[in-house]
Amino acid sequence: MVFETGDTLLFIGDSITDCGQARPVGEREGLGAGYVSLVNSALGARFPETVVSVLNAGISGNRVTDLEARWKSDVTDLKPDWVSIMIGINDVWRQFDREELEDQVGPEQFQSILAKLVEETAKEVKGIFLMTPFFLETHLQDPMRAKMDQYGAIVREIAEKSGARFVDTQAAFDKYLAKRPTQSLCGDRVHPNLVGHQILADAFLAAI
Amino acid sequence: MVFETGDTLLFIGDSITDCGQARPVGEREGLGAGYVSLVNSALGARFPETVVSVLNAGISGNRVTDLEARWKSDVTDLKPDWVSIMIGINDVWRQFDREELEDQVGPEQFQSILAKLVEETAKEVKGIFLMTPFFLETHLQDPMRAKMDQYGAIVREIAEKSGARFVDTQAAFDKYLAKRPTQSLCGDRVHPNLVGHQILADAFLAAI
Amino acid sequence: MVFETGDTLLFIGDSITDCGQARPVGEREGLGAGYVSLVNSALGARFPETVVSVLNAGISGNRVTDLEARWKSDVTDLKPDWVSIMIGINDVWRQFDREELEDQVGPEQFQSILAKLVEETAKEVKGIFLMTPFFLETHLQDPMRAKMDQYGAIVREIAEKSGARFVDTQAAFDKYLAKRPTQSLCGDRVHPNLVGHQILADAFLAAI
Amino acid sequence: MVFETGDTLLFIGDSITDCGQARPVGEREGLGAGYVSLVNSALGARFPETVVSVLNAGISGNRVTDLEARWKSDVTDLKPDWVSIMIGINDVWRQFDREELEDQVGPEQFQSILAKLVEETAKEVKGIFLMTPFFLETHLQDPMRAKMDQYGAIVREIAEKSGARFVDTQAAFDKYLAKRPTQSLCGDRVHPNLVGHQILADAFLAAI
Amino acid sequence: MVFETGDTLLFIGDSITDCGQARPVGEREGLGAGYVSLVNSALGARFPETVVSVLNAGISGNRVTDLEARWKSDVTDLKPDWVSIMIGINDVWRQFDREELEDQVGPEQFQSILAKLVEETAKEVKGIFLMTPFFLETHLQDPMRAKMDQYGAIVREIAEKSGARFVDTQAAFDKYLAKRPTQSLCGDRVHPNLVGHQILADAFLAAI
Amino acid sequence: MVFETGDTLLFIGDSITDCGQARPVGEREGLGAGYVSLVNSALGARFPETVVSVLNAGISGNRVTDLEARWKSDVTDLKPDWVSIMIGINDVWRQFDREELEDQVGPEQFQSILAKLVEETAKEVKGIFLMTPFFLETHLQDPMRAKMDQYGAIVREIAEKSGARFVDTQAAFDKYLAKRPTQSLCGDRVHPNLVGHQILADAFLAAI
Amino acid sequence: MVFETGDTLLFIGDSITDCGQARPVGEREGLGAGYVSLVNSALGARFPETVVSVLNAGISGNRVTDLEARWKSDVTDLKPDWVSIMIGINDVWRQFDREELEDQVGPEQFQSILAKLVEETAKEVKGIFLMTPFFLETHLQDPMRAKMDQYGAIVREIAEKSGARFVDTQAAFDKYLAKRPTQSLCGDRVHPNLVGHQILADAFLAAI
Amino acid sequence: MVFETGDTLLFIGDSITDCGQARPVGEREGLGAGYVSLVNSALGARFPETVVSVLNAGISGNRVTDLEARWKSDVTDLKPDWVSIMIGINDVWRQFDREELEDQVGPEQFQSILAKLVEETAKEVKGIFLMTPFFLETHLQDPMRAKMDQYGAIVREIAEKSGARFVDTQAAFDKYLAKRPTQSLCGDRVHPNLVGHQILADAFLAAI
């Protein structure tokens, strides 16, 4: 297990990470109702000898452009030892549910911003986790699934180049979805129920 | 236009019809925020010479078995002149998001109950509208889309046999979805936004 | 249909436009419960190939003097392609329910301000719609009806001189009121129910 | 002044009387925010030597048919010494804003029920006040004003035949409206503001 | 009647005036639930030919020192034509329920501040009403009654010297209390019920 | 100290006892915010070796007639070892603030009911405390003070005849009021603040 | 893994199980915020091929006597395949925080009731889990810890005799508490935070 | 009794003092629901001849570092005659429930800050009370009890050196706990119920 007593582990991302966490950065009882809280509980329950402080800096609706804008106050200034980033779902979703938006975040901009954030942050932390965005759709030709996969590939590439720990959330969900319908996890194919968040937490914990 | 002054038009169905209508049966300001309210407004605005009373007996979560159970109190006893039925979405959805349910409503039971309700009601009203269930998914092999189409076909068949006015909501949505992504109407592919309800209302009004 | 994909259509006015829109400018789910929302739904449902962004900048209680005061922040700075203006009801109403007000907006001031706003705005947009104020009173000698007609005539005149698209809401309501009592649309002869808002939306849509 | 110490004065009617009185029968701090409360205050302030108990049995939306249905529990069983009745506004209003209603209360039925209630009650009380319904519309040919006057005439006739004290609320308002617009008292021409309720209270007090 | 169309009548004082008026200065529906609202209703109902704007600048808990502090913003800057002042109850009450307060307002300070406010204001208005503080206690030797009477005498003296219209609220209440117990108006001998506020309103109206 | 481990001490009375206790009978955290809660705290803090269960059966507004009506369910059936009764305030108060009430509880009826309740209950408990009603008014000729003293004398007499422990709350307050004004304890002379409740609790504790 | 598709797993107990579950029996999103919800998520996430329905029949404050009273409606009638019981915390706690209670549940009664419930239920289910009560106190001579251990031993004995699956929650917590203070899991040594619930869930899952 | 009429007695500390007092400094009805309010009531009830103003500047969660930060605004600037300080519980508690905190307040820092505050304040007041922190745990080897005793000793030492009046809350509780279990006062061993607050109040009052 990579964490050491005294380490701070900060999660940042969108609504999947947020899940009602306390503003501006949640901790302890303010970690929200999603995978972050499950990771915190698991770390505490299974590694009592290691005191790790978990923070949740997810904000619903965020795209990578939003992360860039608040990175200094919500990540850098908090001086975490570890940072986990899950972003991209909204970068893709807006291209489908808000076609009229002028400030869409295309693949190039997504890659550019995320790579820059990872590069800068790597110098200041013990390590980085990169979690893919996901779309709970098994039809690979679905336009939004295809676009999400494209962004997921960008995350994988950045992880490989930077040495960040890579968490393939899409793969974790695909494995589950091979046996159960997407509706058993989700209404909108994006916001999982608690079973889905357990899948996310297990995927993260498998990488520590 | 088939309606005459003094006619009562009752809509019954699930959450797509319900949309927050007043309990147990909504009317006027209690018609909810969906297509029923839009139909009422359009009838009033475009046919002021015809005073039609619109009722909303939709209940969120209903399947055809639920309609059967409350049919007497929520339809028969209200003595409407016209009845519009849209049901089936939950009959299908539960087979995907609640696999563990023991009381699933399969196609045969769905057909049997709906056909019986239509047959009995036809004797007491001036006319019946049958609106298909729908699933805002363009991939026809999607398991839930395929199952929804099966139920939609059952509705079409019952309409043809009974002489009820048939409203193909799936076709109306498919026409729109040929040009715009499903995300522009919907989060969960089932509950449309107001644009989607306008599509439903327009489809209904085209049948009057 | 005059709108093109990418166009922004901004509605501005008083409570008839406002109808609980999100502050300071409502869009999508924040368009309020009135004719603006109905126009948005109709444009989306009937012209899916044309992606139009609709904004609602109505504020309850506004008179033309209020529009002038916020025009830069609530219209100009938003750079809409199209602007629809419906104002005057409160300019008239206050002369009757708030006789003691010192800052009444008489016909001359109303004409002067509105004409100036239209002239300035015409240079920056693709087009302007001018909707009349209305009073749901069929007795033409009613003092408030007569005064409202005077302001309606001012709007017509400004539309003719500026080339704006003219929407005669009073005429649309009068046509309905020839067949149904004003009480079927309204309590206070000013704030229509949803049937009345459908009449307004239909009148607007007939002008596009 | 007709009242004596120990007398109970009960007001019954529709929303004009109700004004948020405590259910099922309001008294003291539960008299509501309308003319009933003003009458109670005036009686107390100006006749401290006479202890009169005032009750408010008004219910919003009531027509004379509703009064008949609850007369025993809300009037007879309370054994008041005096009863004041103001009803008819909704009997008329529904003929205009709810044309589709099947149970409209026409003039004959209105006269029949009210006369019967007055006749029966006269035997059990010291006295009865009959207050007319009113419509704050000065145009006498307005259909609803004309219909309201017809019902007002019925009330006058019943008062004359029964010996009840007659309170002409329409006349009291007409006197005011000769000098000030209806909008200074009212939005919907039916529910007065506090100035209007003072007019009602003054009219009642002039009859004691 | 001293008021003329266009006059503004401003009431200022403590909780007896306040009664839940809208902040910072209430008008129309925001006049609160006390005598100010009753005066407004009576002026409107009985003198429809005279349009008077009534304002309520009462604030619960105020003493004359508080009036002095906010006089410019809450009176002077509003440029009323008439001002009515009722103050002193809390100046006295605090000497009994808050003995430990260091900033008690004794008779000399009360007289000095009130006289100054009246003198300055008289130059800017058509007229001033001075209403006494009161204590609903008939035992004249009661310490608080005696102290209140002392302050009431100060108000009378200032009225006489300044020519302000004097309203003796204590006398109005004493007349009532000669026939009915104080408990019929009040719990705490300071905050009257609506009957008490009617007494206050009638006393004020007798002075116009 | 008369109580023994396992004893139940039940307080019953009106609002002075009630003070927001949990319904129908409060205990522990539901004892309300008055003297009952203070007695419970003092017993616990000062006599930890004696486990006494305190119950609060006070109900705001009660008169001795109300106690009689609920005595079986709220006292007898609870089988307390000790009962403390404080009643009479409302029996007196209603004679002043509700003169119109037909069911006033005069001294004879008050004495008769209370004596009967005490006599019956004495047979079933270890002991009874009788606390006087009180009125925080030092002017002994005040009509309500005089009437309250009359009822207090009735309580004393019943205590003497029955052997109940007598708690003279009026005397306790009078001793305080000899040095401090009534306003330092109370607004309405009936409902004391926490200092007043401490006086009540101390008086009760002096009798155990 | 013992569960099969279609199995229902019902948890019953006190507040540790309850954790805000939906009344009267929670499922899916109504499973509460404790270990039951974590078990459900883990089963779903890690065994997607096995569809298990989880129910939560915990009720805060329950003792074994409460379970007995509602066993038929809350367990038997629901026909679960598996039942997990965790009870005893309140049976012990009341002996310390409510010494005055007459209906304390001593060890004999606890053993007798629990053994009977287990025996009867074993005949109707596939299997039973018995989870010990616990007290997060490491000082074994602490009176409540000692008493809790006694009840835990009773649970172990019943499990051994009945063949139920035994889950030693106290041991799970003791292992954690050997490394971290009790305050890191808990305020009152009884209601764990999410880390504590994870410990409970892990302990349960280790027994399946 | 050390207090004189006109004295202000200010209590400052953490949640034990706070108990929901009004912000930023509570007085009278805003003194909170704990021992401060009980002290105020007892002083008023038992010493009516001495008018003492009691203030509550407790803030939940505070440690001695927090007191230092707000000392000027919440103590010095209020110019109290007497100050009572109870602090240390959170300084200790955080070392157990928030081990990861970097800004723990060790014994040296606690002593240093508290001694400095006492020294500075002693020059400006008539007197200081120092109340120990406490932990309702009778097992003296319990790590948190031992640590709390260490801080309690620091408080005693500072009191002796400064001449402050010393209130040993731990001793007061220990005396009670010798006869009754800690659960009879408390859930979390830190926040007492009202019986516990009575113990605190009695301990304080014994020192005046």
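Each chain carries a letter (A, B, C, D, E, F, G and H) given by its place in the written order, and its residues are counted from 1.
Simple rule for what comes next: contacts are C-beta pairs under 8 Å (C-beta built on N, C-alpha and C of every residue); 3 or more make two chains touch, one makes a residue touch a chain.
For each chain, UniProt lists the protein as follows: A, B, C, D, E, F, G, H = SGNH/GDSL hydrolase family protein.
Source: prediction; values computed, not measured.
Path length between subunit B and subunit H in the chain contact graph, taken as the least number of steps between touching chains: 2.
Between subunit D and subunit G, the least number of touch steps comes to 2. Bringing subunit A onto subunit F by least-squares fit of CA atoms involves turning it by 180°, to the nearest 5. Per-chain CA centroids place subunit C at a distance of 64 Å from subunit G.
Computed from the mean C-alpha positions, the centre of subunit B lies at a distance of 34 Å from the centre of subunit C.
Counting partners per residue, subunit D has 51, 99, 180, 184 as the residues that reach two or more other chains.
Of all possible chain pairs, those that touch are A-B, A-C, A-G, A-H, B-C, B-D, B-G, C-D, C-E, D-E, D-F, E-F, E-H, F-G, F-H, G-H. Interface residues of subunit H, counted against subunit F in their complex, comprise 29, 37-38, 40-42, 44-46, 48-49, 51, 176, 179-180, 184, 193-199, 202. Chain contact summary for the complex, subunit A toward subunit C: residues 99-100. Considering their complex, residues 6, 51-53 of subunit A touch subunit H. Of all residues in subunit F, those touching subunit E in their complex are 93, 96-97, 99, 139, 141-144, 180-184, 187-190.
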